[in-house]
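Please find the structures below.
The following pair of complexes shares a single chain, subunit A, combined with subunit B in the former and subunit C in the latter.
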Partner chain A sequence: MLQLYGTALRSRLLLGTARYPSPAVLTEAVRAARAEVVTVALRRESGGERAGQGFWSIIRELGVRVLPNTAGCHSVKEAVATAHMAREVFGTSWIKLEVIGEDDTLQPDVFGLTEAARILCAQGFEVFPYTTEDLVVAERLLAAGCRVLMPWGAPIGSGRGLNNPFGLTALRAHFPDVPLIIDAGIGVPSHAARALELGFDAVLINTAVAQARAPAQMAAAFAQAVEAGRAARLAGPMEPRDLAAPSTPVIGTAFRG
Partner chain B sequence: MRILVNGAWRETVAAELSTVLEELGYGGAVVATAVNGEFVALGVRPRTRLAEGDRVEVLAPMQGG
Partner chain C sequence: MRVTVIGAGVAGLTCALELAERGVAVEILERSAQLGASACSWFAGGMLAPRCELESCDPLIARLGAESIPWWQGRFAGTVVNGTLVVAHGRDAADLAQFAARTGHFQPLAADAIAGLEPDLAGRFSQGLYFRDEGHLDPRAALAALAARLGELGVAIRFGVEAPPTRPAGRQVIDCTGLAARGQLTDLRGVKGEMLLLRLREVSFSRPVRLLHPRTPVYVVPRPDGLFMVGATMIESDQGTRISARSMLELLSAAYALHPAFGEAEIVEIGTGVRAAFADNLPRLRGHGETLYVNGLYRHGFLIAPALARRAAEVTLHGSHFPEVMDANPRQRRLA
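On to the complex of A and B.
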């Protein structure tokens, strides 16, 4: 089973809760994905408005664990304050730490990220940093106290899959015992299967499910892909080769010699 | 007193954050607060006095990825 900060999880598919056509569709998708962890956020709400309260009721009824994020934060100070606000509202020390450094790619500001991670880990948070596949940054995040890393596959919402499989493979090999969750850029179930085949422990999907024509159906497809990818990883994939190798034995082939 | 709440200027009579929230219609809502960029915990709101021009953030649960 997947262990994240001492919590054992059967499902290796984490689901985002944004961009669904309706709350009912979100609920169906979470169930179809058999997700045990969903991500949530905090946003400004005006007095008298109760959209956030309604959303929070829906999530609580699902009975899943929540992973709040600091999406939209562009500085260490914003991310740290948002993490504290999330801990109070959602009642969890888990925080998906995002410090955004560039608006077109939503690429993490890895310098701000490591600083915010150091502060939050020291304050008792269990930090899930949204990072790149950079090995040195990963080392710094672990030194800061992180026990899980969330490298991107591709820019958030791009659906491009694993942009740098070589770099991600190196990351996996370098940190064999750290839970690694591919966080962003997954577009279709085959991308998720590939991530698990490469040895990643889990994937976090949002847009690819929420923006599908039939989100619940897509969530179920992702669940199957994640299971297949994990099973394949455990089964030990063959090494690719450049030339053909006959799969049917050649000894005793008719009409030869 | 004028304070900035979620980016909009608001006129308030009260000075304590908890009372200001009541005044603005947040009574009973699950929200988290920050003043001038610093987190203010639920239990600290009654003794957090606001000053003219303070920036208050009031955040609620929302969909997220």
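On to the complex of A and C.
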């Protein structure tokens, strides 16, 4: 089972809740994904603390754990304030921390991120930082008190998959005991399977499901891919070879056509 | 039969007109003091774009919308059926490809064809989609035209009148009050929208133009007298207070990206409204005793109100059943 800040989860597929055609479709997708955690962007969905009651009640009725995020925040101060608002609205100390540094790629501002993580961890938040595959930044985030990291696969919403498998593999190898969740850039289920095969603990998907023609069907496909990738990791994949290695030996067989 | 319609937004006025045209004695109660003062219809874009809506909506919306365009043409002279132009900048070509894959019945356009349709966009976009069958109207003029037509048929709108707490005996009631009906329709939610009215003489469009963008898609609808409606945001919120600085920035930046001349435009009005929606963003006719609620039109008020009004009239007069917009439909009940 996946352990995130002491919470045991069966599902290794986390879903974002933005950009679905309707809340009803979102509900279907969460069920089809058998997700146990959904992220909610407080700022962009409601524009205020008490304003999105209709939407919040739909999220609560999903009966899953909510991981609020600070999407759209560009500074430490904004992110910290949003985290506090989220704690009040959802009654959880979990916070997915995003501090955006660049608008075209939505690339994290890792300097602001480590600073905000330090502040929020000290205030008792359980922080899930959206970061890059950079090892030094990961060290700083862990030192700040984070117990989970969420490295990107590719820029948010780009659907490009794992842009830097080498860097991500190194991250996995450096922090064998820290839960690592691939957060952004997953486009199709094979990307998610690959992430789990590389040893990542879970994936978070939003756009790839929300913007699919049939979101619930795509959510189910991702659930299968995540299960396959995890099972493959546990089963110990073979090493690739350069030359053919026949699965049935040919020397000494009785009949050769 | 005598019918009271509550609410003088686009849903209420179209329902009242459908009934009045069938010879029914109708009165309309509206809580605000004048037409549009508390209706989100006042801030609508007025796009009659059933094909484009297929990009993210149930095909039901496209069917109701296609049915409603001739209704508007027959009743409001300001209805323009001149198509919709959809464009994207080169680096957002993937958004245009996805839009094309999900809609249909469009003509793909290259740069010269875009310039042919909208000369002021010449040289600005290399790819676009043209949805020839779609239309647009000025929502405020359309509401006024409906009110005038109702007046000719002897239907009065009583402004400043709250709906009575108990239904008058012997009267059928059609409740078209949007989010105000939330006490009765507890599964309604609010979706805030923000829009701008800009005035600019240097540029003119003959049809609504949609600019696709991965984060902030925007549409610009031409109105008479050099006005352009720029909209609209979709925010999960039931408080339609003021526009946020971010929304304003995004709407203005998108308009500027469509044509830099919008940088010189005069900001005539900033509007916000809260649309009422059910969880599947599809409309409902829902009966409770003598009251028929027509609600959940979401961002599709002008697009689908006539088709809903027709059905509401049939339900009221003949007890008809329309499974696609009534809760007995198991598919919708499952989604709700």
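Heads up, the rule we're going with is that the second predicted complex is superposed on the first by the 244 of 257 C-alpha atoms of A that agree within 3 Å, B and C clash if a C-alpha of one lies under 4 Å from a C-alpha of the other, contacts with A are read in each partner's own complex, and residues count from 1 in each chain.
Here, contacts are C-beta pairs under 8 Å (C-beta built on N, C-alpha and C of every residue); 3 or more make two chains touch, one makes a residue touch a chain.
All of these numbers come straight from a predicted model, not from anything done at the bench.
Using the contact criterion defined above for the overlaid structures, shared-chain residue A:Gln53 touches subunit B and also reaches subunit C.
In the superposition on chain A, A:His84 contacts subunit B only, with no contact to subunit C. By the touch criterion defined above, A:Trp152 lies against neither subunit B nor subunit C after alignment on the C-alpha atoms of chain A. By the touch criterion defined above, A:Val25 reaches subunit C but does not reach subunit B.
Of the two partner chains placed by superposition, A:Trp94 touches none, neither subunit B nor subunit C.
Applying the stated contact rule after C-alpha superposition, one finds that A:Arg213 touches subunit C and leaves subunit B untouched. The wider contact with subunit A, measured as residues touched, comes from B rather than the other of subunit B and subunit C.
Applying the stated contact rule after C-alpha superposition, one finds that A:Leu42 touches subunit B and leaves subunit C untouched.
Once the two complexes are laid over each other on the shared chain, residue contacts for A:Tyr130 go to neither subunit B nor subunit C. For the contact definition in use here, the residues of subunit A common to its subunit B contact set and its subunit C contact set are 44-48, 50-53, 55, 157.
Across the complex, subunit C is touched by residues 21-25, 27-28, 44-48, 50-55, 57-58, 72, 157, 211, 213 of subunit A.
Within the complex formed with subunit A, the subunit C residues making contact are 56-58, 98, 101-102, 188-190, 192, 214, 235-239, 244, 246, 277-282, 335-336.
Against subunit A, in their complex, subunit B makes its touches with residues 6-7, 21, 24-26, 29-34, 37-39, 41-42, 57-65.
Note for the complex: subunit A touches subunit B at residues 16-20, 26, 39-53, 55-56, 59, 68-69, 71, 77-78, 80-82, 84-86, 88-90, 156-157, 204, 206-207.
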